[in-house]
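Given below, in the form of structure tokens, are the structures.
Next, two complexes with chain A in common: one pairs it with chain B, the other with chain C.
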Partner chain A sequence: MQRIYVDNAATTAISPEVLEAMMPFMQEVYGNPSSIHSFGQEASAALEKARLEIAEILGAKSKEIYFTSGGSESDNWAINAALSIGAKRGKKHIVSSKIEHHAVLHVLKRLEKEGYEVTYLDVNGNGIVKLEDLKSAIREDTALVTIMYANNEIGSIQPITEIGALCREKGVLFHTDAVQAVGNLPVNVVEDNIDFLSLSAHKFHGPKGVGVLYCRTGLALRGLIIGGAQERGRRAGTENVAAIVGMSAALKQAKDNMQANNIALKKMQAKLIDELLKIPRSRLNGDPIKRLPGNISFCFEGIEGEALLLSLDMVGIAASSGSACTSGSLDPSHVLLAIGLPHEIAHGSLRLSLSNFNTMEEMEYIIENLKIIVKRLRDMSPVWEKLEKEANTNGLQ
Partner chain B sequence: MAYSKKVMDHFANPRNVGKMDNADGVGEVGNAKCGDIMKVYLKVDDDIITDVKFNTFGCASAIATSSIATEMIKGKNLQEALSLSNKAVVDALDGLPPSKVHCSVLAEEAVKAAISDYYIRNNIAHDSELFKCTGCCNSCDNL
Partner chain C sequence: MNKKLFVAMSGGVDSSVAAHLLKEEGFDVYGLTLKLYENMDEEILNQAALTAQAIGAPFFVYDISSEFKKRVIDYFVSSYMAGKTPNPCIECNRYIKFDKVLELARSHGVNSMATGHYSTIEYDKASQRFLLKKAFEEDKDQSYFLYMLKQDILAKTLLPLGSLTKAQVREIAQSQGFSNAKRKDSQDVCFLPHGNYADFIAQYYPQANLKGNFIDEDGSLLGQHEGIHKYTIGQRKGLGVSFGKPMFVKAKNIEDKTITLSSEEALYSSYLRADNLNLIPFESLESPRRFKAKTRYNQKEQWARIEQTDTDKVIVEFEQAQRAVAQGQTIVFYEDEYLVGGGTIL
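Right after this comes the complex of A and B.
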């Protein structure tokens, strides 16, 4: 059976070139970068080369790049570090959005319990934060604005340049979770006035368990792990050199191929969107234009997302859903609810996320099978039966 | 979260799926907001369930529990069908993940709702206590 992976927003395959770049650091260059002998210094040189390459791609300086275990760690660290800067001036307020990743939202929920106040900005029906809302939410005591670059579920891209400019003008620190954006979009921390940025290597064909926290020079970054000189004394622990080298290689590859990849991804994306919109009572979630090039998020009325995912898996297609049944809770995804979808429609959500490893032939296979599966599940759905009855009655009137 | 082979079999090849014209009893439980609705149709002949069909909106375990529940009551008399417990449904499926046990409760309740409908249509005296919603899915709180 054909196997098609369209869950690249969850994770991606390591590209062959990235793997090749990593291999020497498993068995040949295995020294501890903190050691002063040649084994260590070779590893240290590779580490600093990777740091510089990543910095240059992001428009940052080498010393502004801190290696972490990935997006969640970077998000946690950035938020707590920004608050510790704000605490010196008694700032206890944070502005964020209702569609953040849980690595941000759950940190904020905990901070609320600890006495912080958080304003969660609404988004419009396409999943985009309104600048005027942000403007009126920022207060004298706002320590941090944290808004994601692009959404992981519905792919909507936020007006980050404008948000960054506004925060800088107001003198408020700005963190962005750019986990879904980096590798897909040209991210530049200087142009966008970003103070803290989180990224994760495995979203752009790099290895898992490694990421970056960018922290602008001049900000006192509070240490996360104490006990070693690594990462300028702020994150102790021997570095995962192979993974860091892999991340750098993956980012460079993503940057070099970004234009070509974007064209190919958008072609496949347009094909899927056009064809899936032909399914009755289907809707595209997120902004039709300001969206990640590989993201396709749909809702199909009358069916439930987990049943849809498992049916797709049975024909070899790996996708994702924001339905309650896949999360283990009663509520469907907070992102789908935030864009105004009622529960019953949000339950029938499907996310297909493409990478440049996908092909147009695969899109054909997905479309063909998805149409069959949606029909099969609808044929046994009492919700669909009711929707059809209502449509017929309305048609007769 | 992994489903048993039995669950996947009943999800992939649901038994007795469909609607029924001229059913003798129809029961529908759950609500779309929570993500599960089950509808069970019965054909009753001389107190025996001679045919049964179901339609379900919901996840794989909702479809599988309805499928196996219909199999378990087909050919049984109404009293036997009424004694179908959600635990029996879970056992017959070789278990369900903890977060999915409520689906088996819905299956039990769907069968009972269909039998209750049959009793009401035929003016047969019955203990309405037997047919009360357990509130297990908490859907009422969310309405």
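Right after this comes the complex of A and C.
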């Protein structure tokens, strides 16, 4: 049976070139970068080369790049570091959005319990933060604005350049969780006035367990792990050199191929969207224009997301419902609720996330099978039967 | 491959039939509803979605409420409060509807759109320009609302209903089983469901005291009014005060919240200026010409002399004085069946 992986927003396969770049650092260049002997110095040189390459792609300086274990760690670190800067001036207010990843939302929930006040901005029906809302939410005592670059579930891309400019104008620190954006979109921390940025390598064909926190120079970054000189004394622990080298190689590959990849991704995306929208009572979630090139998020009325995923898996299609982190929970996604979907519809969501490893033939296979599965599940669904009855009494076809 | 095209679908019978007809003609039709403001009627969105899916068209909802608020609602409120009589549908067509539909179309590599307006676009080979012509059924003609469309937009737009009557459109809707076939026509502005301007404006200024004085044309006090937002130019009924003779709203001044009342004769004027000029059959009006013009949608056209005074301005002299010409309203002028141009009354 054909197996198709369309869950690239959850994680991606390591590309062959990235794997090749990493291999020498497993068995040959295995020294500890902190060691002064040649084994160590070779590893250290590779580490600093990776740091410089990543910095250049983001428009940053080398010393602004801190290696972490991934997106969640970078988010946690950035938020807490920004608040410790604000604390010196008694700032206890944070502005964020209702559609953030849990790595941001749950940190904010805990901070609320510890006495911080958080304003969660609404988004419009396409999942985009409204600038006028942000403008009126920022206060004298606002320590941080944290708004994601692009949403992991519905793919909507936020007006980051405008948000960054507004925060800079108001003198408020700005963090963005760019985990879904980096590798897919041309992110530049200087042009976008970003103070803190989180990214994760495994979203763009790099290895898992490694990421970056970008922290603008001039900001006092509070240490996260104490006990070593690594990462300028702010995150102790021997560096994962192979993974870091792999992340750098993956980012460079993503940047070099971004234009060509995005053209191909958008073609496949348009094909899926157009065909799936022909299924009755289906809807596209997220913005029809400002969306990640590989993201397709749908709701099919009268269907449970879980049932849909299992049926797709039976025909070899690996997709997700909402985000992988929240599947398995019975609560509908906070993102789908934030864009105004009623509970019962938010339950039937499907996310397909493509990468440049996918093909147009795969899209056709997905479309064909999905149409059959949706019909079959609806035929068995008491909810669908009820919907159809209501539609008939309302004179709808 | 079929030619692709995006149809702006409001959920109403007209745009539904427009989409259906284009599909029949062999176009690859995409449907889209612009979400213009929060709390838009869910039924409208559902209706549009169901119609689109019934004809096998992919259907999109595009939320542009931020831009709509800035360009249409805020303009409407501030213009109204400045004593003018703004037309939000015209501003929406000027800045929002056509641009946003084409924006979404472009993101799909598509360069054409259609709407359910009753009007016709024609290409004139001699002048190499696209012309805007009145609908076959003149009572339903909506060219007034499209006067601002520039050549580049007209070139990309189809209006399939221009040659049909409303009765024919309803018949098609019924034969297709569209549930909106019998829905009553609405003349209301979409975000003012019952045409209640005053309540809507009052929401914007909940604290402000908008009450003030009625004065006559000489500035003498005539009485008190209930709030400057509650009156429109030319209004006679419901002034709430008796003056011994018929009095009409002639002008509103937000600065001192006075409303000037006058006798009916004083409401008439034969001269006006307009900006936001758009001309359709030609780039500019070289010398003054006689056209038939109207200053409101539901008005009979009247002969007038139109003279262009600037790239975006005209002066208009009616041969017979017109009643209650209101600042902010749209004037358009026609030559026979063709819309020549129009502008916003200053």
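The rule is short, and it goes like this: the second predicted complex is superposed on the first by the 387 of 397 C-alpha atoms of A that agree within 3 Å, B and C clash if a C-alpha of one lies under 4 Å from a C-alpha of the other, contacts with A are read in each partner's own complex, and residues count from 1 in each chain.
By definition in this document, a residue touches a chain if its C-beta (ideal position, glycine included) is under 8 Å from a C-beta of that chain, and two chains touch if they have at least 3 such contacts.
Every value quoted in this text rests on a predicted model; they were computed, and no experiment measured them.
*Asks:* Given the touch rule stated above, what does A:Gly302 touch, chain B (first), chain C (second), both, or neither?
*Replies:* It touches chain B, and chain C stays clear.
*Asks:* Per the contact definition in the header, classify A:Met1: touching chain B only (first), chain C only (second), both, or neither.
*Replies:* Touch partners of A:Met1: none, neither chain B nor chain C.
*Asks:* Of the two partner chains, chain B (first) and chain C (second), which one does A:Lys278 touch, if any: first, second, both, or neither?
*Replies:* In the superposition, A:Lys278 contacts chain C only.
*Asks:* Figure out whether A:Pro288 sits in contact with chain B (first) or chain C (second), or with both, or with neither.
*Replies:* A:Pro288 contacts chain C only, not chain B.
*Asks:* Please indicate which partner A:Ile226 is in contact with in the superposed arrangement: first for chain B, second for chain C, both, or neither.
*Replies:* It touches nothing on chain B or chain C.
*Asks:* For A:Pro382, select first, second, both or neither according to whether it touches chain B, chain C, the two together, or no partner.
*Replies:* In the superposition, A:Pro382 touches chain B alone.
*Asks:* Could you pull out which chain A residues touch chain C in their complex?
*Replies:* Contact set of chain A toward chain C: 124-126, 128, 130-132, 270, 273-275, 277-284, 287-289, 391, 394-397.
*Asks:* Hey, which residues of chain A end up touching chain B in the complex?
*Replies:* Within the complex, chain A touches chain B at residues 302-307, 310, 314, 323-325, 328, 330, 332, 342-344, 347, 380-385.
*Asks:* Looking at the complex, which residues from chain B come into contact with chain A?
*Replies:* On the chain B side, the touching residues are 1, 3, 8, 11-12, 14, 17-19, 28, 32-39, 54-60, 62-63, 99-100, 137-138, 142.
*Asks:* Quick check on the complex: what are the chain C residues that touch chain A?
*Replies:* 30, 32, 35, 46-47, 49-50, 52-54, 56-63, 65-66, 69, 103-104, 107-109, 177, 179
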